[in-house]
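Could you have a look at this structure, given as structure tokens, before my questions?
Residue numbering begins at 1 within each chain, and the chains themselves are lettered A, B, C, D, E, F, G and H in the order written.
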Amino acid sequence: MTGFSDLGYARVDTDRESRQGLPEVVYGPGKQPAEISGIVTELLDRSTGPVLVTRVEPDVAAQVSVPGGSYDETARLLVWRPAAPGSFRVCVATAGTSDWPVAAEAEAVASAIGLSTTVVRDVGVAGIHRLLAARDELDRADAVIVVAGMEGALASAVGGLVACPVIAVPTSTGYGAAMEGVTALLAMLTSCAAGLTVVNIDSGFSAAMAAHRLTAVASR
Amino acid sequence: MTGFSDLGYARVDTDRESRQGLPEVVYGPGKQPAEISGIVTELLDRSTGPVLVTRVEPDVAAQVSVPGGSYDETARLLVWRPAAPGSFRVCVATAGTSDWPVAAEAEAVASAIGLSTTVVRDVGVAGIHRLLAARDELDRADAVIVVAGMEGALASAVGGLVACPVIAVPTSTGYGAAMEGVTALLAMLTSCAAGLTVVNIDSGFSAAMAAHRLTAVASR
Amino acid sequence: MTGFSDLGYARVDTDRESRQGLPEVVYGPGKQPAEISGIVTELLDRSTGPVLVTRVEPDVAAQVSVPGGSYDETARLLVWRPAAPGSFRVCVATAGTSDWPVAAEAEAVASAIGLSTTVVRDVGVAGIHRLLAARDELDRADAVIVVAGMEGALASAVGGLVACPVIAVPTSTGYGAAMEGVTALLAMLTSCAAGLTVVNIDSGFSAAMAAHRLTAVASR
Amino acid sequence: MTGFSDLGYARVDTDRESRQGLPEVVYGPGKQPAEISGIVTELLDRSTGPVLVTRVEPDVAAQVSVPGGSYDETARLLVWRPAAPGSFRVCVATAGTSDWPVAAEAEAVASAIGLSTTVVRDVGVAGIHRLLAARDELDRADAVIVVAGMEGALASAVGGLVACPVIAVPTSTGYGAAMEGVTALLAMLTSCAAGLTVVNIDSGFSAAMAAHRLTAVASR
Amino acid sequence: MTGFSDLGYARVDTDRESRQGLPEVVYGPGKQPAEISGIVTELLDRSTGPVLVTRVEPDVAAQVSVPGGSYDETARLLVWRPAAPGSFRVCVATAGTSDWPVAAEAEAVASAIGLSTTVVRDVGVAGIHRLLAARDELDRADAVIVVAGMEGALASAVGGLVACPVIAVPTSTGYGAAMEGVTALLAMLTSCAAGLTVVNIDSGFSAAMAAHRLTAVASR
Amino acid sequence: MTGFSDLGYARVDTDRESRQGLPEVVYGPGKQPAEISGIVTELLDRSTGPVLVTRVEPDVAAQVSVPGGSYDETARLLVWRPAAPGSFRVCVATAGTSDWPVAAEAEAVASAIGLSTTVVRDVGVAGIHRLLAARDELDRADAVIVVAGMEGALASAVGGLVACPVIAVPTSTGYGAAMEGVTALLAMLTSCAAGLTVVNIDSGFSAAMAAHRLTAVASR
Amino acid sequence: MTGFSDLGYARVDTDRESRQGLPEVVYGPGKQPAEISGIVTELLDRSTGPVLVTRVEPDVAAQVSVPGGSYDETARLLVWRPAAPGSFRVCVATAGTSDWPVAAEAEAVASAIGLSTTVVRDVGVAGIHRLLAARDELDRADAVIVVAGMEGALASAVGGLVACPVIAVPTSTGYGAAMEGVTALLAMLTSCAAGLTVVNIDSGFSAAMAAHRLTAVASR
Amino acid sequence: MTGFSDLGYARVDTDRESRQGLPEVVYGPGKQPAEISGIVTELLDRSTGPVLVTRVEPDVAAQVSVPGGSYDETARLLVWRPAAPGSFRVCVATAGTSDWPVAAEAEAVASAIGLSTTVVRDVGVAGIHRLLAARDELDRADAVIVVAGMEGALASAVGGLVACPVIAVPTSTGYGAAMEGVTALLAMLTSCAAGLTVVNIDSGFSAAMAAHRLTAVASR
């Protein structure tokens, strides 16, 4: 009993579900459709929870042949056995419409793994009244995922308003000095609002998984 | 009723405690001892919780004249009215002995704001058995703060073992390609262990405040 | 009639006042006290307006022997023949107390060259109500200089509130991912609030000079 | 009365015109044609001034179905209800022919929002007499927008000649050490000509909006 | 007798085999198929060992007309006269499935130049038990090539387990803060496991050649 | 008599030839074929020397309609009225075959403006005897242009051998840590061989023009 | 039997010697003298091989009170129980005199752990005959450690001459574009000489430890 | 006859003078005074030309005991046997007074190795008439060394005026976005004035040595 399945091209971590409450999530890029199918099949066999593949382009998704899955093109996400919505509420807030694809990944992954999600879109600080109007929605959340590109200032503004955990996701929205998301990343890391945490650029997936870890706190 | 006190040199956010459960924490660098004393006095008057000043050098601390405070030289932290230890357990894990000052700040701030803390030191991945031996301590925690410099690999290793929230703090330990902590920062952001979150380089303070936000989840 | 005075160690641009409405401002670093004295003397002789030397350390200032000057230690500024306050109103807003030295340079230079200045300190976005409370002061200004380090989000927030020119000054306040002010600089350049302009890191001087150019618009 | 219209995919800031004298300008990238159409329609209904969408590729522009708009392919700009030319004169100066697309955006946006524009092309410092010959045109302007890539030296040269506000736009023209416009950006920020201000790389839009803020000064 | 053949478009180092035990390996990018054919023919004539061309795209490989070669599409490698497997055992370990193309180049080059190779795939530290299960395979190797992207932590974990030489190859797997492989590169260079060595990003070739140099030690 | 021709889209510097001995060279990127044709026609009319357009892609070159020109596809160069070869001898040395396109631009521009050129290809330091064999050719040159990517070490080696001016051109050959030519650039700037000079990455053009300036020294 | 000793401030990896043939080497920076003494004492008790502490400043070394140690000030190294010289020969080659402190660390660590060392100093490529004259010494070595700053070209030159493993150590020698050793690091990683390996900037220690791993190959 | 003297701590390149017309120049940093003395003595014995040591701090210079030398504190240069001024004229032009120390090194090294030097100080482009007034001096030079920090625009302006070789030296003058001279370096490399060449940041020495190579052209 090794805790993994060796498929040759992959060692599937079959111990992950017992260790962390979720089966391993498959990272799509660089994998052949047949490899994805094989890993998904193994995970469906060896675990009971939701099985996800992230960052899958439509043409690849079309070639993955495991029955029962659904594909979300905006989020580029494949899901089998999605979890029922639980009591933990995550609010995904975006600074601009252009940040939506990243927010969509956060929202789709969070939903698939059993979190209850709401979305507040387009509340960038250039019109701060739009954010203040959303304060009730923010206050009802158990955690807020803030998705913002350019200068990423929304994270600081939200962080100053709410008391709950804030997970900031920098996006590569913007050009020039936006530096493909590095500017938003650095800005979020140095926020004057205390206690924000940050995940990788454009990684809606990481934010959703960080939110999932919070359920361990909620249920302790 | 504005929600702040205007001291001229500072606008103290007296609304912070009701909004986020903790009085404003004062950032020490660039402030005169008299300014620190004034802000602290105002916070003590206008709130009921712990009052902290971070990143205070010993010579400055010695000139801050508000009674009742205590100074932790390793953590460079001034504290008035520390909170009693609560039920939320934070484990601070360090990769090496040289990361201790940053971990000390995380531990001291967390303690001062009412978290229960334990420390696991020197469990870097070059001798992975040291980390595996600490697994029970990690599993008992409600959240883990991982403090590591150089390549920051401890965050990935811990993130793969525990199910709870992991807050990674990169440190500027190391030289050359360690790039003053940037390497550890980037490594933690791109960890293969899903759902880690990251705070600023050397910011034990940020990690502790992020842990504090988790108590909102614990008590919902 | 060459439009400059050749002192050997410097070519003083004596044409500057007629061209741009102000005598040349002397950049202090790397100059000997005797050189500063020589240049200042020449400028006082060959122009009629205020004469300034920036970034002068106290020990250097003490060795500059031209009568009639005054030294502002916080702003590190030497001034002769300061202009009377004019009708153009500049509001200098700072995100935190630690940004004050840079703001002080902006305020002192602006005052010395004839702008009317007001200061709004410590209105960072972590407590956005502090900024909103200052809205009247901001609205009364003909231009706002925003001085902020860390993630520099104050520039976006102010830029979204006021209609007048906003000159953003990133500061090197902060550590780690603040990157000595580069993070604030990039964030300000990519602000979601349209029409902000930005000057060099820590350059209160540049902001004041940019404000001076605005008087050409005011008086056209 | 919230000050914004919630379209689901966007919160249109309908308060912007009263706050800053111009309706919100729509950032095109990442938005679906139907979303652009919806936002534009809302802005036309809820405001009276010019409505603009920036950075729109021709194929997207062709799918935006709101009547009355015009499309400028070089500037990649969609405009409805352009403002009549006002008395404020902006001169757009370019260092080289290759900088034209960015200058075109600056010129088109400025025109659409009611500024009077002139253009001086191809006056790079490698043949400084070309710039000196344009001095009268520069002197007649209320503000100069300098558009330059490579080493961006034109900004310094113009900044030394005129007394009015100078807004420098670095472009990504050049290769290798031009670093996609970062070199020009940094060079403009460190110009030896005092009081220049800088906007994001390739952002003719930002420069025009900064010029619009100057009209608040002109009309005070 | 110059030690090289001057083909006009290339100076083939015909002395390399006597100097270093292997003919020159040809770097494919930027070379015309006819040039590759010419260089390969010359090397086959003037040496006795294996002849390799790296980083060859399939369409180029199809146009190289020298008989006797074989092409490995995953490794993008052309080989003539591969060496028989020797006694030196190299284990190629990968962190994830997406790192396989780089590992494939390392494995294919190593095999072609006479090393005995084994492969351990997908043993990233997020599931450390997968790596510990491979310990016997690692211990049997004379050298380990670790191929990892993202945060590259596998190199540290392997480096702490084995006593033999470890050659770390960072890959460009990952996005955002992975910085096209720079993060893994820096992380491997600053590993807390002592005595690791590192080669260029994505360079399976360099790792194999470094392993070849180890055979000089084995046979001394 | 202004010293330039204003074509609207360009100000052609017609004074350049008298000032610097060569007509202005046209930078191709970002210009329309009709613009190129117009500028070239003007230069042919207003000067007597060679007229060049650099960095022209084949499809653009085909649309430039000015008679008498020739196009070099490798060098991406259009030339009218090439100069006869003069007595100044430039040797272009390349580290590898992949550096040839950049070297070709240097060679073609140098030839077109009247320098006598020789080429020494593929003398990288990994087989230093290949360079030493070329020493006579290097010694016969009045100046050496060294073209090298990757680590750029050829510049140091040549710089240590010859006494004449060495102009180093870093190329973007290589991958990963080659950083698109930045590594070679920095390496050449910090060469232990004294008195090397460096031009922009991939700029064979700049090297040739720098060599042309040397003819002013040769003919003084 | 845990394989480590928990001293509170450190977990000493007492299993290291059996795993990798050498006791853990102590990294000095950030440790108190008493902590160093405690760790060293524990290592002396629990292992039989040499015990080393690296990067120890003289004032700290003077406070470490464990008998039997010796201190090398140039190498900043503390050593107890140095190993007798073995049969494995390492040649340390330096590009310039200024690289000596780093080379000294490599040489001192290598000697202390039982390698036989020779040194070839000051053979930079600006005078390539100095290196060629040292060829016999290089050829006699089982491995070469190349220590070079600035452009680091010595690594390529040595790598092209010898067949044995080459471990390149970039140093922070040089200024400006040397970028504190980053230039040499990148240059060594992209060397045209195949099969070089690289360690961290200024890390003579890492190079010596990498050489030690080679003895596992030599003795297999 | 090896062409070098092996002093143990250094291999003095005694062949340099015959190869390149000048004895080796000693790089001071990191060398002990006794080592400098030894190398200088050897060079004086084994060559006939000027002997120089660069970047020597005053306290080190005072300990170098070889008779006949002189020390220039501004240039930090030690010289023995300076050459008589030759016919080659180098003009050193500086953008600002603060660039003088770098220019002083260029001027002092150039003088010591036999070039005739003139200096034009403080001709930055913010007052372009100061540069135009110096045009005759520039035109009389055989080569111009341009020394400038901040945005380095002087190099472009000079490069557009003169026909002779221009060697640009970026300096670390400036702060913030000046990036310790990197901004000026990149700007000079991407100058719109064709045929400029560039040396390392703050390296007046390199510029002077590059000028010396030009004398090989002048005397051919």
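As a working rule, a residue touches a chain if its C-beta (ideal position, glycine included) is under 8 Å from a C-beta of that chain, and two chains touch if they have at least 3 such contacts.
By chain, UniProt protein names: A, B, C, D, E, F, G, H = Nickel pincer cofactor biosynthesis protein LarB.
Since this is a predicted model, take the numbers as computed values, not measurements.
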Those chains that touch chain H and also touch chain B are C, G
Is the number of contacting C-beta pairs greater for D-H or for E-F? D-H
Is it true that over half of the residue numbers where chain A touches chain C are used by both copies, so same, or is it different? same
Can you spot which of A-C, F-G or A-B is a repeat of the C-D interface, where more than half the contact pairs line up? A-B
Between chain E and chain G, centroid-to-centroid distance (C-alpha), Å: 25
Taking each chain's mean CA coordinate, chain A and chain E are separated, in whole Å, by 35
Using Cα averages as centroids, what's the distance between chain A and chain G in whole Å? 44
Contacts with two or more other chains occur in chain B at residues 96, 126-127, 161, 176-178, 185, 189-190, 194, 200-201
Pairs of chains in contact (touch as defined earlier), listed by label: A-B, A-C, A-D, A-E, B-C, B-E, B-G, C-D, C-H, D-F, D-H, E-F, E-G, F-G, F-H, G-H
Parts of chain A lying in touch with chain B, wherever the complex brings them together: 19-21, 25, 142-143, 161-167, 185, 189-190, 194-201, 205-206, 209-214, 216-218, 220
Show me the residue ranges of chain G that touch chain F in the complex, using the header's touch definition. 95-96, 124-128, 132, 150-153, 156-157, 159-161, 174, 176-179, 182-194
Chain F-touching residues of chain D, taken from the complex the two chains share: 96-101, 121-123, 126-127, 129-130, 133, 173, 175-178
Given the complex with chain B, which residues does chain G contribute to the contact? 2-4, 8-11, 13, 15-16, 24, 27, 29-31, 35, 170, 172, 180-181, 185, 200-203
